[in-house]
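The following blocks contain the structures, represented as structure tokens.
The following pair of complexes shares a single chain, chain A, combined with chain B in the former and chain C in the latter.
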Partner chain A sequence: MIYCPNCGTSNRDGSRFCNECGTPLVQPSSIPERPPTVARPQPSEAALPPERPDEEAKPGEGERVQEVLEAAALSAQEEITAEPVEPDIGEALPVSDLAEPVLSEVEGPIPSVAPPVPGVAEESEEEGEGPAEVSAEPLEPALREEPEEAAPVEAPAEPEVEAPPQEAELEEGEPAKEERPAPSAMEILAGIEDALPVAPIIAKPHSAPLAPPTIPGADFESARLFEEIVVSRPAVEVPVPEGRWTRLWRWARLRLVYLLVALAVIAPFLVGGIWSWANLPVAPDVKGVYEAVEALPEGAAVLVAYDYDPATVGELRPQALALTHHLMARGLRIMTLSLLPEGPALAQDIFQQAAPAHPEVIYGRNYINLGYLAGQEAALRAFARDPLDAVRRDYVTREPLADFAALKGVEGIEDVALIIELAGNQESPRRWIEQVGSRYDVGLVAGVTAAAEPQVRPYYQSGQLGGLISGLPGAAQYELLIRRPASGVASLGAQSAAHLVIILLALLGSLVYWIGERRRES
Partner chain B sequence: MESLWSVGYLSFRPETFGTWVAALLTLMVYSYLVGDNPLFRLAEHLFVGTAVAYAVVVAFHSVLNTQLIFPLVYDPQTNWPLLIPAALGLLLLTKARSSIAWVGNSAVALLFGVGAALAIGGALSGTILPQVQATFVSLSPPHLGEGFWGWARAADNLILVVGTIATLLYFAFNVSRQNLLARIRAEFLRPWAALGRWIIMITFGAIFANTVMARVSLLIGRVQFLLGDWLQLLR
Partner chain C sequence: VKRIASAAITKVIPTAIAIIAGLLVLADFFLENLYLDSLGQTLVRWTVIMGAFALLLGLLNILAVHGQRIWRRQRGWPYSIVLLVTVVVVLVAGVYGPQSPSMDWVFTHVQHPLQATFFSLLAFFIASAAYRVFRARTLESTLLLITGLIVLLGQAPLSQLLWDRLPLIKDWILAIPSTAGARGILLGAALGIVTTGLRVILGLDRQYSE
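For the complex of A and B:
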């Protein structure tokens, strides 16, 4: 993580600018990657990275940064090779901070082995800072030789480990004054400190000391541009004064489109005779639904799923009404179910509309409303396994389902001869196909809205649906098949006129746009 | 106008009252075409409130009453396991209060786990495999029909296969060009991706056109209601 020096936001490694405020994020060699928890004296301003190009251009400041960073890299390198160094206390960034980026290049964890430096931790505590970080460890052998001159570097906070013999010479300084027991007093080295002096393990970098960071001016320019884009307010358009008629036309032209479409829909109903429904071709997919119903023996159980709500009644009600008429005329037993709370009422409305035309049908014996089934996929699986247990009571009388003759012999979904799915979206047919149609040997057909049809049609083409009724035209075709023209057929004139008006308006709009473009070009 | 009064609008039968309310609400919603106005807002709020209230009532009667209360009241010794899902359902209510929301995590986990498992299993067996299988079609005209219809079906199948492959290859983003093989692959994918993009656009166009047709159908449904059920102008 790289922390923004401006706002403190953590950014991903390699980020060049802060995701929050857009401040340029200088390379990790000059900005610590962790929040500064190390005890350190207040660094001079020259040691801080400049945030703006104009700050960088202050006389002598840039050179000062360069000098400090070079000294830091050199110091860190010298510390790693266990050569003593005297940090420049108080004038520049503490050596401990400057050595940290160098150590960050070292692969793997860096264990701390040296005892704490006397006075260092005390100074840190006096300044009210937190415990030291691992970054100061390479400095400690040198600092221990001259503890009085030691810079306020951090005390080690990592667990101590055994030191390798090749670094033993580093431990020849003055013993540390620390509450913690010396390494020799610890269990693994107890009694052998004379034979095996403790020395720190120091990982050395793979490459030469890092070059002082140089931030190209283009980065600052990019950051400035980014900040300008982010911070700047959107341009306010000055309204051009319009004439009264221009404003009226601007308001009226869209309403004119609405009015034309409304007239195209209303006029055919009032005038009539625009569409000769006898010429309406019947699509094979609609015929598939009709033939699936026709193929059923009298008295077979059919499940009609009302998976639509009032928003799509305009398209699906004619379908449902035509299908119910057909099912009742064929003497089939009808069960209705819905995965939506609004569905049962819509089904009941269809029953009330269709039943008077078939005096022989009786609720409970020839048709029944099973109501709302909550639970989507899980509920469908439960219903397919045992319909009477998944629903239990009917929607109208709230009586147990076992009492109804319409459900006699229906113990599983395979006892249903055909499932008719009426859906206002593409999700419901997919659920029925995936959870029931693909798992049980039961016929499945669907009636959907025109908007859902493109997503449902692949199931018809793959044979998973035996038939498909789409939108109001599909309802009209089905009404023709059962020879009971109703609202579907009556709406064909309005449908055609509305489509014609929409196409003409689209062409007119494209033509006007094209002419306008030509005029502008000329 | 005489026919409008002769059907008894002022008799205030329940059906007539409902028809008038529905007609007025329909006109209030369509008033938005003129501009946003309080009547439209009133109808909008009424619709949302009524829909939620109706859903709650149906859920209570069809789910809680039918699936839980009745079975436990009439036959508790047999139906006592229903208390387990009831308890899980009650745990979901803790999600309304953030301090105790963690109590409902197990119920949510069960809900999502079961739902995801059923959905994934169903999608695999009900959609993915059958749809892939449906693209294994013959491209030989003699096998598909005689004369013109054989060739027409073969062309249809060819469009299906090529369209499926091109659409899938369109989603092969981030093509590497680091070596010769990768560059050859990228050059191979480029025309397929372009074709796939066109097929996707045609598909979206078809979906949009169908959506327009669906919306016109809904308008026709409302006009039929207003002219027929309300004004009695249609036979």
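For the complex of A and C:
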């Protein structure tokens, strides 16, 4: 069992992250003791310039380069072991070393970030040229020279960045420069510098870490963030044994949340209408749908598109039922079509629910189910041009569509007086608007889930949709408009209670977080 | 000659077909012409038929993939057996049409409850997330929290009883800032679609032949 260092939750053995809060789980025993001689060369390797494909290494040079690298690594190890090294990664990997490759990639060569060349920097500084600023570019030419005759490095007229502390130390004149192995490595490298750009690795200072460069601007903030991510490590604490009640609370907390939500949803249905919805205001967009239906002459053809599946019936079934009641009561001819395979069965369910309340309506004469049409945009375009060609038979009886009175006079989409799109996502209304609404002179309204509403509302605002019913509240408003309260109105209590519980949980979560933060600070 | 013929078959001819078909359907969208109408309608009808065949291909692909998984005893192969059995049962149930009693039973008693239940579980996940994640850690997250709570409360009719102006604030958030963002996304997506269409018509995108 692994206990989370952050929240204390017990997790299974072998877990990498906490199941409760997601904190990475690192067992104390699994943290390897980092040998102090390993960390330093990594940033140098990262700073290697890309290989040059146009220059092939000569035979035998590979072995020599390998020898040089080994000599440099050995000397680096000696230097590092000579100084006390903290086991902390943040100390072992200096900021400048880590940020160097990133900064150089982002902004090109940054003078202060490039490491000073041992022997070269000291000499130039001894000559009183001020703080040396050695960029990566003059490094190789300098190395090509004999070590004793290192070329003086040109210092810029206006130094942009302060010299790092290490350079300040060097400026004072250290007699230990002959002890460094770099010059001997240079001799070995003579003549093959271009085979592999190993000079920066050898010349890299291995002693004191460089101070972070003071670079203004947002790029430095990015580098700082990068450093934070790389250097910081999760705090590993020895888990404190928890009491029984604490463990019980942790176990029960999530289950209590689920229980609250379940009660909030179920209780209003059991209690009944504890709130009065008589004064529920009707939104203008819902009224737009109602008025579009009211404006149709009796006997006009209306197409209802069932573009939702059982996942969203909670919100869209009340809408569909209310609309179908309204259409049947107005004596309009209804035909349904679906771009989803599940749609026709849902439409048939609505017909079976609504038709008994309107004895005068008959399948095939007053309403018809055209079934599923595959092909999305292409299918819509084909249907809009010639509905009876795109769909040949009805969904229920599989009879040719030409035999049904419900489709009499419908030869094109413009013969349909109104299209009602019921969608569980935002893509379906967009398809209808693009392929049908924008090309043909036909009214278009929509009923969508509350989640899809933000993406569909722009079409309502632009007038491409004549009305919009959104979610369960929209369905309830429509039920009130047609004076037939049903499942939409009945579900409002459960929805309100569930929303309230979620709001309270969010506030409680924030409160617990604030209290925890205060305690940590104090 | 063989190389030229191969290039023509794999690249030139598919590209030419894509460009010509795309231009014809595009012209049909903008121009009123009897011949173009007829041609465009034919091409669109072909697309619908190919879409139906794509469903069939998808089914065959699923059968092949899961058949291989069972044959090789790959990880989770018992679930593949369940999937294949389900496919066979639904196919048999649908032999007599989508409105047959057997198909109706499968839809009403299996598919419908399963899909509705899975979606309903979102309520519990959202409640759990609201408690554990939806926290005011920074200024931005505090703003998000406040906005989310206003919209959440405003969506519920209960807000009428608490404060009658709450639904108005919710409507404003949805109608102005939210719709502004949504409109930006829609416009960006539309421009992307136009660009992609142009690339196909100009023969710059040739995924079908590569």
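Going forward, the second predicted complex is superposed on the first by the 274 of 522 C-alpha atoms of A that agree within 3 Å, B and C clash if a C-alpha of one lies under 4 Å from a C-alpha of the other, contacts with A are read in each partner's own complex, and residues count from 1 in each chain.
Note that a residue touches a chain if its C-beta (ideal position, glycine included) is under 8 Å from a C-beta of that chain, and two chains touch if they have at least 3 such contacts.
Here the structure is a predicted model, which means the values were calculated and not measured.
Enquirer: For A:S522, is the partner it touches chain B (first), chain C (second), both, or none of the two (neither)?
Expert: neither
Enquirer: Looking at the overlay, what does A:S232 touch: chain B (first), chain C (second), both, or neither?
Expert: In the superposition, A:S232 contacts neither chain B nor chain C.
Enquirer: Would you check which partner chain A:S491 touches, where first means chain B only, second means chain C only, and both and neither mean what they say?
Expert: first
Enquirer: Using the touch definition from the top, say if A:T312 reaches chain B (first), chain C (second), both or neither.
Expert: Both: A:T312 reaches chain B and chain C.
Enquirer: Tell me which partner A:I266 touches in the superposition: chain B (first), chain C (second), both or neither.
Expert: first
Enquirer: Please indicate which partner A:L505 is in contact with in the superposed arrangement: first for chain B, second for chain C, both, or neither.
Expert: After superposition on chain A, A:L505 lies in contact with chain C alone.
Enquirer: Considering only the touch criterion stated at the top, classify A:Q461 as touching first (chain B), second (chain C), both, or neither.
Expert: Both partners.
Enquirer: Once the complexes are superposed, what residues of chain A are shared between the chain B interface and the chain C interface?
Expert: 258, 261-262, 265, 311-314, 342, 344-345, 371-374, 376, 378, 381, 395, 398, 430, 439, 450, 453-455, 458, 461, 471, 495, 498-499, 502
Enquirer: Quick check on the complex: what are the chain A residues that touch chain B?
Expert: Listed in rising order, the residues are 255, 258, 261-262, 265-266, 269-270, 311-315, 317, 341-342, 344-345, 371-374, 376-378, 381, 391-393, 395, 398, 430-431, 433-435, 437-439, 449-451, 453-455, 458, 461-464, 471-472, 487, 490-491, 494-495, 498-499, 502.
Enquirer: Hey, which residues of chain A end up touching chain C in the complex?
Expert: Where chain A meets chain C, its residues are 20-21, 254, 257-258, 260-262, 265, 275, 277, 279-281, 283, 309-314, 342, 344-345, 348, 371-376, 378-379, 381-382, 385-386, 389-390, 395-396, 398, 430, 439, 450, 453-455, 457-458, 461, 471, 473, 476, 492, 495-503, 505-510, 513-514.
Enquirer: Applying the document's contact rule, which stretches of chain B touch chain A when the two form their complex?
Expert: It comes out as residues 33-34, 51, 54-55, 58-59, 61-63, 65-67, 70-71, 114-115, 118-119, 122-123, 125-127, 130-131, 133-134, 203, 206-207, 210-224, 227, 233-234.
Enquirer: Help me check something: in the complex, which residues belonging to chain C touch chain A?
Expert: 29, 37, 41, 44-45, 47-48, 51-52, 55, 97-99, 104, 107-108, 111-116, 118-120, 123-124, 126-128, 130-137, 145, 148-149, 152-153, 155-158, 160-161, 167, 171, 174-175, 178-179, 181-183, 185-186
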